[in-house]
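One structure is given below, represented as structure tokens, and several questions about it will come after.
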Amino acid sequence: MSQNNNRSGVFEASAARITHYGEKICRLAFTLSGEGAKAFELASPGQFAQFQVEGLALPSELPEGLEDKAVRQPILRRPFSFLDVYRDGEDMIVEIMCDIIGTGTARLSALNTGDKVSILGPLGRGFEKPAEGRKVIGVAGGIGIPPVEHFLRQLCRDNPRQECFAFAGARCKADMPIASVQQGKDPAKEEYSFCRHFAAATDDGSFGKNGLVTEAFESWFADSGLAGEECEIAVCGPEPMLKAIAKTAHKLGIRTQVSLEKMMACGIGVCQSCVVPVKKGDGSEENKLCCKDGPVFDSREVFPE
Amino acid sequence: MSKVNEIIKFAGLNLKNPVFTASGTCGYIDELDDYMDIEQLGGWITKSITLKPRKGNPAPRVVETNGGMLNAIGLANIGVEKFIAEKLPLIRQKDTAVFVNVAGQKIDEYVELASKLSDKDGISGLELNISCPNVKEGGISFGTDPAQIKEITSEVKPACGDKPLMVKLTPSVTDISKTAEAAVIGGADALSLVNTFTAMVIDVRSRTPVLANRTGGLSGPAIKPMAVYLVSRVYQDVAKYAEIPIMGLGGIRNGSDAAEFMIAGASAVSVGTSTFASPDASLRVADGLRRFCESEGIKKISELTGSLN
Amino acid sequence: MSKVNEIIKFAGLNLKNPVFTASGTCGYIDELDDYMDIEQLGGWITKSITLKPRKGNPAPRVVETNGGMLNAIGLANIGVEKFIAEKLPLIRQKDTAVFVNVAGQKIDEYVELASKLSDKDGISGLELNISCPNVKEGGISFGTDPAQIKEITSEVKPACGDKPLMVKLTPSVTDISKTAEAAVIGGADALSLVNTFTAMVIDVRSRTPVLANRTGGLSGPAIKPMAVYLVSRVYQDVAKYAEIPIMGLGGIRNGSDAAEFMIAGASAVSVGTSTFASPDASLRVADGLRRFCESEGIKKISELTGSLN
Amino acid sequence: MSQNNNRSGVFEASAARITHYGEKICRLAFTLSGEGAKAFELASPGQFAQFQVEGLALPSELPEGLEDKAVRQPILRRPFSFLDVYRDGEDMIVEIMCDIIGTGTARLSALNTGDKVSILGPLGRGFEKPAEGRKVIGVAGGIGIPPVEHFLRQLCRDNPRQECFAFAGARCKADMPIASVQQGKDPAKEEYSFCRHFAAATDDGSFGKNGLVTEAFESWFADSGLAGEECEIAVCGPEPMLKAIAKTAHKLGIRTQVSLEKMMACGIGVCQSCVVPVKKGDGSEENKLCCKDGPVFDSREVFPE
């Protein structure tokens, strides 16, 4: 097991629990022990890990429309943000929520309890803690939901007086990666019970409001009576959504952290594949790396108006 | 302790063992520091350095393919000045060989790069990238024409001082022995092959190439059998007679792969794409090669080179 | 019934759909009869036929590689006389297009083969194999030199009577647009690309090449991104202007792969190596392509050709 | 499911039982139902099937020395002769004995009960029945043992008066693909109990006689008092062994069937990769196909003196 000062390294994890929510979403819990547990004890929300998928079995039944993509034989690892990371005796449990969209995610979804998977992590820069006393508003879309959920949950775990508000969006109910939604329960009373407010929106109205999560957030904020400088936003989701939130937030003067997704090869800053163009203070542009400098960035850096 | 003598002579250098990490896949080595001890390798090769800093291509710059990947990084790098000022001091402290890979658009640029680097301590040699498929101006165009290869090599060589010059060949030619020969006549001290194969992945829904650069270079296990063939061709036709060592690469991920390249004619090997799958892949290659030699009763690792029956 | 119009015009032929099985991977089709109904495909291409029967290379003739395979069959075939006498009567009964792939060592041989075949019923067209990497005499040597390609094409063309002549290009050249152009100038009615990439696998224990022929041709999913690139190059540089259709192939195993080649510029596609993994792979490609068009709302399959943004 | 007149085709099989004997050998039983069962009802000893290994998981622990070979991502099927094929209610069970030597065999060895595997078969020409009244001597080495065992067993099942004699060889005990040997039992009393005689030989004497199985056979035959024309031989194993047996058999005038192994791509006669040079009656040479014309050939055809 190689490792560095931050204790990030390559570790063997063991699949502990796999829960399927329909054809397209699954939740996976992995157990890490020994050095791996030590490394992941330091993992923070918004960071990610690279999961090896080469060598994992392809399920014989695939979600519709995925057959052609799924036959590709993968060589690279796959990046996943954490849904949760917590201690279990001497071990650490790392949970992810997985949107099954191709060969690697299909292979992960077919894991059985006890199967071994190589994990490289924890990697990247996660969400920064909010300034003392600020309320945190999480806004997330689709598979961007898990890291934001993790961030809010961890904040409240660390500080029971932390106030959080959560907004989650997806195309439809079946696409919403929240366990309680998939189980027909109310997220506000389940995993989001620590939040002062939880609202969901779907494009087709199959869960929560009919419409965009950005709109749900904006109308709520307008009514909330909150001032921009009392709050911070953490957002993850499709790029148009990130842009929309950043725009609103900048107008309202709310500090915003956005978590980005780029195609990654290495995940550790050697391949230069995951570049994010950013505006520097002096107005010049440079490329940062999503895997090393991110995936969480300050919204003004990546979406300057 | 291993009973295998792994020391190899390579273009006048004495190397601890024949395993390197490949250009563009190990950054400026500091990024890998957290995951492996580079001093356990024979050496490493920097990302291509140009005169001016380059931002490179927009994302997406990579896409996975069956058993391989495409990249079109576009020679993103910090430029030679910053490399010398900021990276070299750290590099110098590492007790292992380093080739600085240089790229340019005109011969003058390559010569200037070589002069700037050749008098610096801590640099073992230069690698001439005349085979990058991912930049429009230059790059691969030099690399496909024997006359141009001869010219560029013979002009850069004098600027290298006493440092060995390795020329990196593109596989995308009709007859690689001709390009290899041209580099040798031009004065190359070593040849490295192969660079990536030009390729394209199309997203069928949007009917657009996945890479922003449209095309990219194919690397990884998928290309290995082609790379092994090309190494054996160059060894048999050129390197053996000219007594020029070959750095073999393309899809290497374990000791057997490395042995295959050496048997085909390589004196040393580089690990590229595999580092992305496992940051310490190159160490495992070096280790696997050692164990292979032990199990086969090979006392001197250099005996493998060109030993194909 | 599918709502997609799959009929395509290809080199003057009207084909049921754009999917073929590739030369050398479907024998003389009788071998596949037990596993699939060839009449559901646009057509198929025979194993290379030579004037005299050929035994081909000794075994091993194939070896698997990462995501692909090498073959060095060495043009084993029953010879043109026996082909006409024994195979053609059965072939003729199949209601689908068939190109007879021909190979030789001298231009005369190709011309003689073409004359022997072009007046026979039941043959839709000829495919000129000037790109086989697995025989020493001839084969690929024609295929890499534009001047020779032009010459052989222009000499064979008149011997083809009213049957279309398709020229199969090798990918192992510096600039495939030049060889494609030469074939077009020579009179080719269609181009097919790609043939296999020359490669080698070495058994590291015995230090010998695994294939008896030492080298072989790489095919299968591993080569697909290179083949797609080459098809797009030839389409953009040559075929589009010359209005010459391209038969695209290299690693195709499902509908998306086929769509990728068509979007890159192919009018039809062939399935090769995948047939070895599943005898009816080509049918599944045809079916997948149909479903892709349905889901994308594509009414005429030919609209895909060259539709790359 | 495609199928032909002989009912050979591509069928989905389900792994029913996996038994590991040490690190290098495992025995696998697959269940076929429906069309697959119909097709395999006609399977005969010496025939084979092509097992799809692409998409199967690579075990996280590999037998020593196999790591490098095993990482290759396979695309082709893998040919296996049958150890047994029998009915189980409406289904058919196909058993193979697998020598774990590379990526495909390692993947098969890691199957779990219930996993699905695509099988193409039954393929090729198996052993021909002996002429009426003739005794059959099976001689087999290493992974050549299963098809010969299958042939002898099936002959005795079909005709309880059939007399069989069996000789099995391997490098060492751990390499001998016979279940009872691996279980520390006596093959002569277990799977070979139907044989009039069973003898084993290993290169290192770790099981049975010390020496070659060919020698064991030859010395037994010399003492047996049998005449060549009373017997037939069925042999499968490494090529030098096949040649040695063929030579002896030809001298003694015993009709001999040899089962060959060649690298195969398709298994159905389209790729021409598995050629076996044979001598024709008129002395000329031609290539036959191991997959279609074999894998079982007449010894005089493939090993003419």
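First chain written, first letter: the chains are A, B, C and D, and each begins at residue 1.
The definition used in the following text is that a residue touches a chain if its C-beta (ideal position, glycine included) is under 8 Å from a C-beta of that chain, and two chains touch if they have at least 3 such contacts.
Every value quoted in this text rests on a predicted model; they were computed, and no experiment measured them.
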item	value
Mutual neighbours - chains that touch chain B and chain D alike	A, C
Contact-richer chain pair (by C-beta pairs counted) among A-C and A-B	A-B
Maximum centroid distance from chain C, chain identifier (CA atoms)	A
Whole-Å gap between the CA centroids of chain A and chain C	46
Computed distance of Cα centres, chain D from chain C, in Å	36
Averaged-CA centre spacing for the pair chain D and chain A, given as whole angstrom	52
Chain B: positions in contact with at least two other chains	65-68, 221, 256
Overlap residues in chain A, where contacts from two or more other chains coincide	54, 71-73, 75
Chain-level touch network, classified as line, ring, star, complete or other	complete
Parts of chain A lying in touch with chain D, wherever the complex brings them together	12, 54-58, 60, 71, 73, 75, 112, 115-116
Residues on chain A engaged by chain C in the complex (per definition of touch)	65, 67-69, 71-73
Contact set on chain C toward chain D in their complex	24-27, 31-36, 47, 55-56, 58-69, 71, 73, 76, 220-221, 273, 275-280
Contact set on chain C toward chain A in their complex	66-67, 221, 253-257, 288, 295
Residues on chain B engaged by chain C in the complex (per definition of touch)	65-68, 70, 144, 172-175, 197-202, 204-209, 215, 218, 221-226, 228-229, 232, 251, 256, 259-260, 263-264, 292, 296, 307-309
